[in-house]
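In what comes next, chain A is part of two complexes: it sits with chain B in the first one and with chain C in the second one.
Showing the complex of A and B:
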């Protein structure tokens, strides 16, 4: 984490630790990462975006294996990154850990 | 008097393992005599993204998954470890946030070599008893360090356990606890040093054996109990041999020790060791089983506990989280080169 990113890290603690996204109170669409407003309902959603804890369950839509890692991740290669569609709907990009590469 | 005890428990052991044989080979030692001498077949190794914070969170979440309690009702979290990721910044804050127990919460990190987790149990017990909190969480977890080539390298491993302490719906009642502490420098690591130092063969008799036997005898005297009153006994396990030897010195049998002895398969998880041993026993225990637990922390001290399992154990959703036997099966071996890379033993300039 770069030093300048401390406030951002604080703001992102709920989503990073506990996968807390949010839900539009109008159209009920669920977002991760949480959004300030719903792009569908726009200003009607302002003040109606409610935090929602996601189950963490989903399916892998696609994946790639990283051999050339960005800084600070060199020791992890090769490691898989995947786009995962959560059962609640949103898609997230995440590293897959604790599984054999094959 | 209201009974105080364990409401739920959880543990975590990293998936990576290195065999004693592989470490011995790297240093030109005889693998068979080392493995036999220490009673360790293999040990757990943390992945580069695992530390005491992640292991503690996993163990805490497992404990919560087995029981239906609101994390907001947890009033205290104490994390015992000698490998906290930060020198200044408590691991307990990360655990509290991750399980949703913040912000009305007492938190502190504990350090007492391998017995910091059991010290956390005593604090939670006292806070519950004095009605300062409803539930308390005691965690012991470590990603212990060992200098390359040191005898400790065959044992120092990673893992942790968490207990929720309270007085409603307890699965195991704490009948009693006592401690024994002296200033015995058998093993230490000074501020800023990467690897610990130890007194070699002097870490046995005056340290581990003296503290555990004295404390265990005191507890049995207080409880007016005998070794044969207990179904299971868990002792701190720096290697596979010491716990069996100390058990015999006290009059316990190998049979009583077996279920809680994991060191041969995962190594010495330091602050996690007795907590994981207890988790392994709670995985299989039945109502009315009596459990003896005696931790040891270098420096030196010991905490002893006498538990009785209650009928509530049958209502606990033990299957909702990973059992110790499942952690033992789910493993992947690495070689010494990867071990050196993951444990940060290499020199970069």
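Showing the complex of A and C:
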């Protein structure tokens, strides 16, 4: 992300700092990031999407090590990225930290 | 809906074209296509232009109108429509233009695709390509387009035993084909060792597993089939066109080793044309990274899921193989000016079906497929063409 105006970073997105997703009150499927409606239950889910704090535990589905980075990350190469499946079901893309590269 | 044909093709060379601007590129391709088609230019009803990110690459939006003017059509007040779907912008522009002729609203339209990528530095290009991903939930954390394809590659290796050597062989094949293509950015065969030993971009993809940053443009003339013979002896008929979507962020998909957008777009196009994957004589697929060509040949049904790597070993996709893939050199060797790519793929299929592909000509090619992917597979356009 190159030169964004302040509000792009400033906008309040709680999910940037904590793993709070939501759950469809109809089929019980859990989403992260939270969705406005459940794509399975569609209109039946509207008004029934409830906040859900996630445990932060999960397993790595796949990974890469980034050597050619976007402008804002050039100082950090090489760094690992992974897709993680949380124990509650949703998958996320995230940087892996506090772990030697090997 | 009436039948539609491609009656003209025009391309610029692809590459680092320091002496040409965005408008020069698309105007050159357009003029060549008009001359190739045999129309005078006054018959044109509309322009459709694919461009992924002129705003970020050259600081220019409103490119439909710009292209109309730079190509000399603003004086005739011809409408011009810019179409965007990341690096599937070109394929989608073609599809929108096709609709306008098939519906009877227009008789003749120009399809353009253009990108000028080398005005920005490398990391800026990396940033812009990543806008085809989910900015808030993939790119924000430091992922790149290459990184996302690399994660798909890692999982493909884990699930199906695909090797780095098999990935590298995709690049070897496409560079060998590109060496035969006068329009290609890299007209040079590359040995497998160079690909395997290249600096890493995103493990397990090295620099030579990735399509380059390129400038270039392509244009096609579409015409209602009933009028095509008036202009040309060798119109190429459009027998299938489809677009499909997949979950936007790759991590949101159940199986990250398949693009459901490719699977569904191919199925719909085959049904429309009344054919199956076995009937394809030649294909241009979206090999923005070597792993992407392996996914494509699986998702399009040329081989079973998981057998893409083996298919490369068995040379099924070489120029004289069962289903030749990327005779142009693909995005890998021909170059990948992102908005132009989808149109350039169709241009190559037209050359192949007209028998105009010279040294890279696939023998007896009658039915061809073009497969154009947006981002990491959230959108896909498949086009089927037939020689008549």
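To be clear about the criterion, the second predicted complex is superposed on the first by the 90 of 102 C-alpha atoms of A that agree within 3 Å, B and C clash if a C-alpha of one lies under 4 Å from a C-alpha of the other, contacts with A are read in each partner's own complex, and residues count from 1 in each chain.
In the analysis below, a residue touches a chain if its C-beta (ideal position, glycine included) is under 8 Å from a C-beta of that chain, and two chains touch if they have at least 3 such contacts.
As the structure is a computational prediction, the values presented were derived from the model and not from experiment.
Asker: Let me test your reading of the model: by the given contact rule, A:75 touches which partner, first (chain B), second (chain C), both or neither?
Answerer: After superposition on chain A, A:75 lies in contact with chain B alone.
Asker: Who touches more of chain A, chain B or chain C?
Answerer: Ranking chain B and chain C by residues of chain A touched puts C first.
Asker: Is A:97 touching the first partner chain B, the second partner chain C, both, or neither of them?
Answerer: Touch status of A:97: first partner only.
Asker: Would you sort A:33 into first (chain B), second (chain C), both or neither based on which partner it touches?
Answerer: second
Asker: Counting only touches as set out at the top, which of chain B and chain C does A:18 meet: first, second, both, neither?
Answerer: first
Asker: Looking at the overlay, what does A:63 touch: chain B (first), chain C (second), both, or neither?
Answerer: second
Asker: Both chain B and chain C contact which residues of chain A?
Answerer: 13, 76
Asker: In the complex formed with chain A, which residues of chain B make contact?
Answerer: Within the complex, chain B touches chain A at residues 15, 47-49, 57, 94, 97-98, 100, 332, 341-342.
Asker: Using the touch definition up top, name the residues of chain A that touch chain C in the complex.
Answerer: It is residues 1-2, 13, 33, 61-74, 76, 78-79, 81-83, 91-95 of chain A that touch chain C.
Asker: Considering the complex alone, what residue numbers of chain C touch chain A?
Answerer: The contact residues of chain C facing chain A are 122-124, 126-127, 130, 135-144, 146-148, 150-155, 158, 199-205, 207, 249-252, 256.
Asker: Which stretch or stretches of chain A touch chain B in the complex?
Answerer: Where chain A meets chain B, its residues are 13-14, 17-18, 75-76, 97-98, 100.
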